[in-house]
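Two complexes are shown next, each including subunit A; its partner changes from subunit B in the first to subunit C in the second.
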Partner chain A sequence: MDIKKILKEKWPYLFLLLVAFAVPVLVSSRYVFQVIVISVVWSVAALSLNLVLGYTGLASLAHAGFFGIGAYGVALLTRGGMSFWLALPLSALLATVVGLFIAMPALRTRESYFAISTLCFGVIIYIVAGNWLSLTGGHTGIIGIPRVTPIRLPFLTIEFTSLTSQYYLVLVLLLLTLFVMHRLVYSLQGLTFMSIRNNEVLAEAVGINAFSTKLLSFCIANFIVALAGGVYAPLMGSISPTVTMHILTFNWLVFTLLGGVATLAGPIIGAFAITVLIESLYFLGEYQLIIFGALLIVVIIYFPRGLMGIYDNLSLKAKDFYQQRRSGFKDVQRIAQSRGSD
Partner chain B sequence: MSRRRGRDNCPNLFYNIKRKGCESVQLFLQQVFNGIMIGSTYAIVALGLTLVFGILHVPNFAHGHLYMLGAYVTFFMMKLYGLSFWPALLISMLVLALIGVLVERIVFRPLINQAHITMFISAIGLLMLIENFVIVAWGPRAHRIQNPYPTIVRVFGITMTHQRIIVIAAAVILMVLLQLFIKKTIVGTTIEAVAQDREGALMMGISVNRVAGMTFAISSALAAAAASLVAPIFMISPTMGGLLVMKAMIIIILGGMGSIKGAILGGYILGLVEALGGGYLSAAYKDVFAFGLLIAVLAVKPTGLFGKEK
Partner chain C sequence: MCNALLKVEDLTKQFGGLLAVNKVNFEVYEGEILAIIGPNGAGKTSIFNLISKLMPATSGSVHFLNENITGLKSYQVAARGITRTFQATSLFDQLRVVDNLAIGRRVRTRTRSWDAILHNSVWKKDKEETTLKVMMMLGFIGLQEKPFHFVSSLSQEEQKRLAIGVALMSDPKIILLDEPCGGINNDETEGITQLIRNIKEAGITVCLIEHKMRMVMGLADRIVVLNYGCKIAEGEPQEIRSNPTVIEAYLGGGNHC
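Showing the complex of A and B:
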């Protein structure tokens, strides 16, 4: 009974999930597969950015910095011989703690000022990553990061050497993130985040501590993006300070906004759509980023709610259309019946 | 070292101290001079940005890229049309003023009543557009504008080129001209009127859109002037504006939003902090000092030096 209901209402999601798990079978080209794997990692990062930007209304532009801390943390710890499964949460915790210190002064500001101050912190992280030669290897970065440590269970061993297994690793991370986001957004805490976004003064008037709420949102987002960074490092095998660069944050920002800000599906759709768009615009060569920039301006002016906004509009219009047709049909029926009774 | 030996070599020692002291004073003055030179360009760029950011509330993150474009226009005016430095600079200012008007009209005006962050995103789109346009049109590598005044002057042991002195002087002249324009002309006072009260200005019959266009024109022209002035000293490249705009934003926060006085003073402070920090502490972390300064300001006085309490 219950399952039937779920099947009836949620079948598109189940179908998508099925497709997601079947990707290694469906995609034969190694190149396309790699693009998909990266898109999944970007989706996780964009989702976490969406929590601070979309739901809490804080444009945190140091996001790539925390991604970088996660990546560097895992790279250095696993190269030092630590297991990936211990290094990952440790690095994410490190990023969260760093974020806590950054948030203290940065959260004193609002709107664009917050964006600028976090951007500056992001640049500091980038400069430190590029200049702390003894730890980070400077601008050449770290090479030879070990692959993800295999999970040894009594009856089977899961290795992460093939691309397929790595795909499932990032997919599980994405699903976990999505699950956490879903639980969070539809909880009282999620409502608190949104109340801060919509009207901070009013939120404080009803007894919400704006500072600690913003801090919480910021820390959760940093933890998740650092997890994404931690998975990214062994996936690539080598990292350089470019993983902490603000350009990366801008990319996620674009994914989130083009996909649909403050929606759960938006960042994921954006991450996939744009990555595919960039790959398919590859023939344009140098002109690609010019078009990309122009596209960004056009979309933000004409479709401020992104692809999800377009979808919502269209589905609303479709609903209207069908309703009108149905009521029109009923009208005709009524007329016909009244004619018949005459 | 025993006392006696110290006393024995007294004259020599004094001479040493004097010479060492003199050298360190010279070094210090040299850093200060360089800091002021860099600070003047920061001040002009921040001045332009504070007009659009503080007064029109447009977080124009592409300001640094307009600056870069200004340097390129000057470079090509000199290289292709064989103009000398000053006419090229003037043309660059005019071209950038025009581009500024267009940018305001096309990129920012449609978003005027939207959330702050949408303008920020729009600006990011614009900077991608400009940067990659320059890369496609003129290549990613850096160019050098021939220095029109390469002669060196030495004052009190400080080495300065004429070009560097010109940068400092030109910056002061530009600031004075702008101040006169805003305070003494009717067209200029409309900018201040919009800054103080947008609705009030509208009711007095001031066209806010025209003021916005004009402000963008002035701001972009100032950026072009700053870029062209320092172009003979540093290289010009498509990425030269990226870090600069962040520094300009820091200066604005440091000086207080919308405050012209604050932008000028903040520019010089940042220039000096960078030059002294880079000279005495660590050259590799030179840019960190600028960003560290911001953290200090935010922690102590988030409204900046001349900012008004909200």
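Showing the complex of A and C:
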């Protein structure tokens, strides 16, 4: 594919990518910049939840638990002297293994029973994080988590001390996650996930092992969310058991549902839109949740496919409108030509 | 007649006090069309469910190519070469026609998550083969005009054709068709009948359940008749047509088990 064609077909994505890389230049407020950094981390978490919930149809409510395992893993290992770049994949692997043990019994259940059982496992992770004093520091948590280990190249050293460098770190994680999700979703493997969500009995009847497919989706999602947790810990410098709390899972669930479930852009749009909304309603104090709740109900009732659904509907209508106008214009031209020939 | 591809021996299924399938024995020979008929509640669909392992048998066994497949799971049975359609047309209805067909091919592909992420040679080979197979199947089932349509926009007959296509995508040795002509008109029935003939010509053994007797009599090589979970007759269409036990069962006769 030549560059001209790429520019013509993919220009909105390239534009967004350009804006994403230019954020440190475009945003002057440190507070807004911090909100953007955290929104990027939440986007990664919501994207991973979208794989298991949106594409495979499993409402995993233990997601924050795996985020927490990633965060605690990196915090403990880097405090022990390990490089962040080794601690990160190790922590994500740990979360995946823990997820594997949780999935074995949980995946024997279906639908709401699966949601309830994973919620219970998530709460167990929270309780462990809050009570294993010698390891996790209990509810006080872990403070003084070392910054991300600098990358030393022969000609360059990349430090992660500034907010800008941290932003680029989370942005790279988001882009990698998007890349992996895109490749997975638009492949036979992605169709296999969707077949389970859509019709598990038929999927098994055509030879798909539903259990191992669900297990795979669950493990990939846990690995990615643990990576997000692992990046989150050194960015914050301290963590407590709240990083494993189910309220985080519910937040990501809302990001995904509002943005557009089973779409790649939806969870990212949801993560940014809702974080901005919450921040802009901050002046309402505790009442902000009422506005937020009402909005959520309206969107779920009237726009079940979320913001991406609204976008799709609008773009479809716009397409129809322009097609009609074009055909109308052609009719006028034809009539004018026929009159001219008369 | 050729070798027995599928052998059902003393197959029994009990739901509490109800004996849905009662020691049923029959064989399906390679390359034939075997029809299973019987009044409503005779246990026809239950037998399909037992063969395809949608539910476990109470007792008895199913042998496929001389292998005992009684203890296998549904997806393992499909991988061996037995696929099926369902009485109430069952499809991946949130997906497009081509996606439905591609999922039907999944069992014959080797693409794993890593292959999909890396776009390596395994992914490439599977993608090319699946695309080719999907295009061929679209032509075979007569849906070449609607590859990107969603299932919900297809007519009942088209959905039936697609369901058959999904089951054929994995190159099965035998296909179990549960009422392929249920809920469609006579012209459409003719079309599906021709499709089943084409399946047989392609070398795939067919076992079907159907209520439309004219279609069954004209299509099947042999017929197995069930009533109250028991096999009451087996033979060629001419024999079955004149069998007094079968006539009595269809007219509401008693239990002949």
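Definition applied: the second predicted complex is superposed on the first by the 337 of 342 C-alpha atoms of A that agree within 3 Å, B and C clash if a C-alpha of one lies under 4 Å from a C-alpha of the other, contacts with A are read in each partner's own complex, and residues count from 1 in each chain.
Following the convention adopted for this analysis, contacts are C-beta pairs under 8 Å (C-beta built on N, C-alpha and C of every residue); 3 or more make two chains touch, one makes a residue touch a chain.
It should be emphasised that the depicted structure is a prediction, and the values quoted were computed from it without experimental measurement.
In the superposition on chain A, contact is made by A:198 with subunit C only, not with subunit B. Touch criterion met: A:206 reaches subunit C, while subunit B stays clear of it.
Legend: residue contacts after superposition of the two complexes on their common chain; A:216 is shown touching subunit C, with no touch to subunit B. In the superposition on chain A, A:187 makes contact with subunit C only, not with subunit B.
Annotation: subunit A has no residue touching subunit B in one complex and subunit C in the other. Those residues of subunit B lying in contact with subunit A across their complex are 53, 59, 106-107, 110-111, 114, 116-118, 120-122, 124-133, 135-136, 243, 246, 249-250, 253, 284-285, 287-288, 291-292, 294-295, 298-299, 302. Those residues of subunit A that touch subunit C in the complex are listed here as 180, 183-184, 187-192, 194-195, 197-199, 201-210, 216, 220.
By the touch rule above, subunit A contacts subunit B in their complex via residues 53, 59, 104-106, 108-109, 111-113, 115-117, 119-121, 123-124, 127-128, 131, 250, 253-254, 257, 286-290, 292-297, 300-301, 304. On the side of subunit C, the complex with subunit A involves touching residues 52, 54, 73-75, 78-79, 83-84, 86, 90-95, 99, 102-107, 109, 111-113, 115-119, 123, 126-127, 130, 166-167, 169-170.
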